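What follows is a short report on a single structure.
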Amino acid sequence: MKKNLRVLAVLAAIAAVQSAHAQDAAAEGIAKYREMLQDGNPAELFEMKGEELWKQKRGPKNVSLEKCDLGKGPGVVKGAFVELPRFFADTGRVQDLESRLMTCMETLQGIDVKKEVNTRNFGKGETANIVALSTWIGAQSMGMRFNLSQSHQAERDMYEVGKRLFFMRGGPHDFACATCHGEDGKRIRLQDLPNLTKNPGDGVGFAAWPAYRVSNGQMWSMQHRLNDCYRQQRFPEPKFASDVTIALGVYMGVNAKGAESIVPSIKR
Amino acid sequence: MLKKTVIALAIPAAAVLLGACTSSPSSADYDKMTAEVVKASFQDRGIAKLDRLEQDMANKECAAASVAGKPIEEKVAKAIEETEMKTIKWPSDGKFLGDWKEGEKIAQSGRGLTWSDDVKTVNGGNCYNCHQISKEEISFGTIGPSLYNYGKLRGVSNPSSPESKAIVEYTWGKMWNARAYNACSQMPRVGHKGILNEQELKHVMALLLDPNSPVNK
Amino acid sequence: MADPMRIRAAEAGGVTTVRVLMSHPMESGLRKDAAGNTIPAQYITDVVATHNGKPVLQATWSGAVSQNPFLSFKFKGAAKGDKVVVKWTDNKGESRTDEAAVS
Amino acid sequence: MHISSTRRTVLKSTGAMATLLSLGIVTAEQAHAAGRAGFDAKTLDEALKALGGTPATNAQVTIVSPDIAENGAVVPVGAVSKLPNTTEIYLLVEKNPTPLAAGFVIPAGTEPDVQTRLKMGQSTNVLAVVKADGKLYSASKETKVTLGGCGG
């Protein structure tokens, strides 16, 4: 069932790619390549690790994360991913999946995550654990559609801040998120660029991360994806789970309303 | 009365305070909130320092227009273009074209100026990321227009002839500072921001305008 | 210690398709790090799959197999519930064995 | 539920060849010689020589590899043989520094149909070489490797 949904979403994404560049043999060849990669996505290795981390007793308090409230009540995982980021009353903040996991690891397990998370090495320690957890939690909402809340004022505020960040031009190249992701049907080199100012379609853009990157064999959560976007934008670095990253998540997530999640996906 | 405690977190605090007196914050309130979020969120890394977040008039006005979902005001656009036009430096020796083979290498490279580069990294032009250029390279972007046959289509058979002067100068100026011609152009201000130096720009000029370049075959 | 493999074995019409994902860097020994030093080779050299103790596939690999390797193959004669065991060994002598039931 | 279907056991061992030896599917000499013959070869010809000579192309052998790969780090490659008594399958990437990438021994009862993912440094011919009834046959196709990403 889960597998079928994944395949359907991928086929839809490939069909979209093919119609956009029907006459472009190269693009078709690449769509075929991506289709071939779907069977055997190493993201599943991270999913396994994430599930284990969720259930395992860890930290100074020696408890699991099974009581963690991801927004749908303590321990409810299914469907949580497609509603994040959202406002959490206990922290008084809008939080994305990764920052919420940090809260749970701190409060439930007593792990000093703030000291542990490090954008300089997403593949090590607690940062890698958060990536694996995000992969598994994301996968539990596979085939579900994004539906972020905008009912709390703080959520609406974060959307407006995110929108401003999306269009903010700076750095030596004057790039903004919008430079690459503000219009339909554009490519950078051969990569199709989703238009993130609206719902770019099922399984693309916000609905495709966490993803396994074949170019470097790493599993990337949205925090890592945004971090590398800013690197390529030639900006300074956004801190892990900082409000810039969360506001952009709200902006993209709200815009993606109705898009089907194919997480965990596989990417170039 | 109880003293009100202001929560240290920028966003919920703003929401609470603003929510108390007005139904929803104004666009200017959000601009301010965004500035605070930016200040709290970014950090220096490698050669990418916080000063890169400072916005000049051109970036500020163009971003504001995008947020509002409207084209930039004509008056503002003119002012930007005039300011940017003054930044263009013309070749010191009067020669506009270098070696197209070198130009192709620069056009291919997307390196330089990220926090994972260092000061010694030779910057690329990032050209193929957005433009089709030579026919041979099938991996090209479409954010900018195709530049295939750039010189040929514009009738440049001899770049140093008087007939070609206008287009040669325009091409140089456009690469030095694209926003002198189009206030909110997405193209980096390649010369003005020091992404490529004069010699490197000459090589890219040759790639586009030399009749022997594969671009014009 | 190496992370577990992900093994799926599905029987249909007498043929069992086995799909395996292995957690491994597959470092070829040909790459250099940022400082220009060669990254030492570490890759899986041997993979053996068995069904009821009988070998159903043996693979010999070089460092040209991609990171976090994927392997898929088909064999006859397994019933649902049977165990498929996969073991890999790398050039440094590290190894890992996991199993899955045929579904 | 699929996750719990994989039970994890870690075993200390002296290597897969030892397992093969103990299982009796290879003799000690075979384990030593067959082990890595051809994997050090620097050219396609040398690699083929190590496998036993130049194979004849045969339509019953299929190489599966994409026309274009978006990234050379992970290219899906597979081979299928319809030749009776296929006992070995090899995958070779002509322009890699060492072309022989993978070899598979196919016992009776296993179908000559394997898939994996290979690295390719540049556009190249990809070959499947199979041994059937003791003779070598091959199929090849070209895969173009494009420069992905932003060139940075």
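Some points to look at:
Chains: A, B, C and D, in written order; residue numbering restarts at 1 for each.
Quick note on the criterion: a contact is a pair of C-beta atoms (placed from the backbone, for glycine too) under 8 Å apart; a residue touches a chain by one contact, two chains touch by 3 or more.
Remember, it's a predicted structure, so these values are computed and weren't measured experimentally.
Two chain pairs, A-C and A-D, are compared here, and A-D has more C-beta pairs in contact (counted per touch definition above).
Nearest to the overall CA centre, using the mean of each chain's CA atoms, is chain A. The geometric centre of chain A is 27 Å away from that of chain B, both derived from CA atoms.
In whole angstrom, the spacing between the mean C-alpha positions of chain B and chain D is 47. Inter-chain centre distance (chain A to chain D, centres taken as mean C-alpha positions): 35 Å.
In chain B, the residues that reach two or more other chains under the touch definition are 114, 126, 128-129, 138-139. Counting partner chains per residue, chain D shows two or more touched chains at residues 6, 73-75, 115, 117, 146-152.
Looking at chain C, one finds that residues 4-6, 66-67, 70, 72 touch two or more other chains.
The part of chain D that touches chain A in the complex is made up of residues 3, 6, 66-71, 73-76, 115, 117, 144, 146-152. Across the complex, chain D is touched by residues 26, 29-30, 32-34, 36-37, 39-40, 47-48, 51, 188-191, 214-217, 232, 268 of chain A. Per the touch definition, chain D reaches chain C in the complex via residues 2, 5-17, 19-20, 23, 25, 35-36, 39, 73-75, 78, 93, 96-98, 100-107, 109-111, 113-119. Residue ranges on chain C touching chain D, taken from their complex, read 1-2, 4-8, 15, 28, 30, 45-48, 50, 53-67, 69-77, 87-89, 93, 95-101, 103.
Of all the residues in chain A, the ones that touch chain C in their complex are 39-42, 44-45, 48-49, 212, 214, 217.
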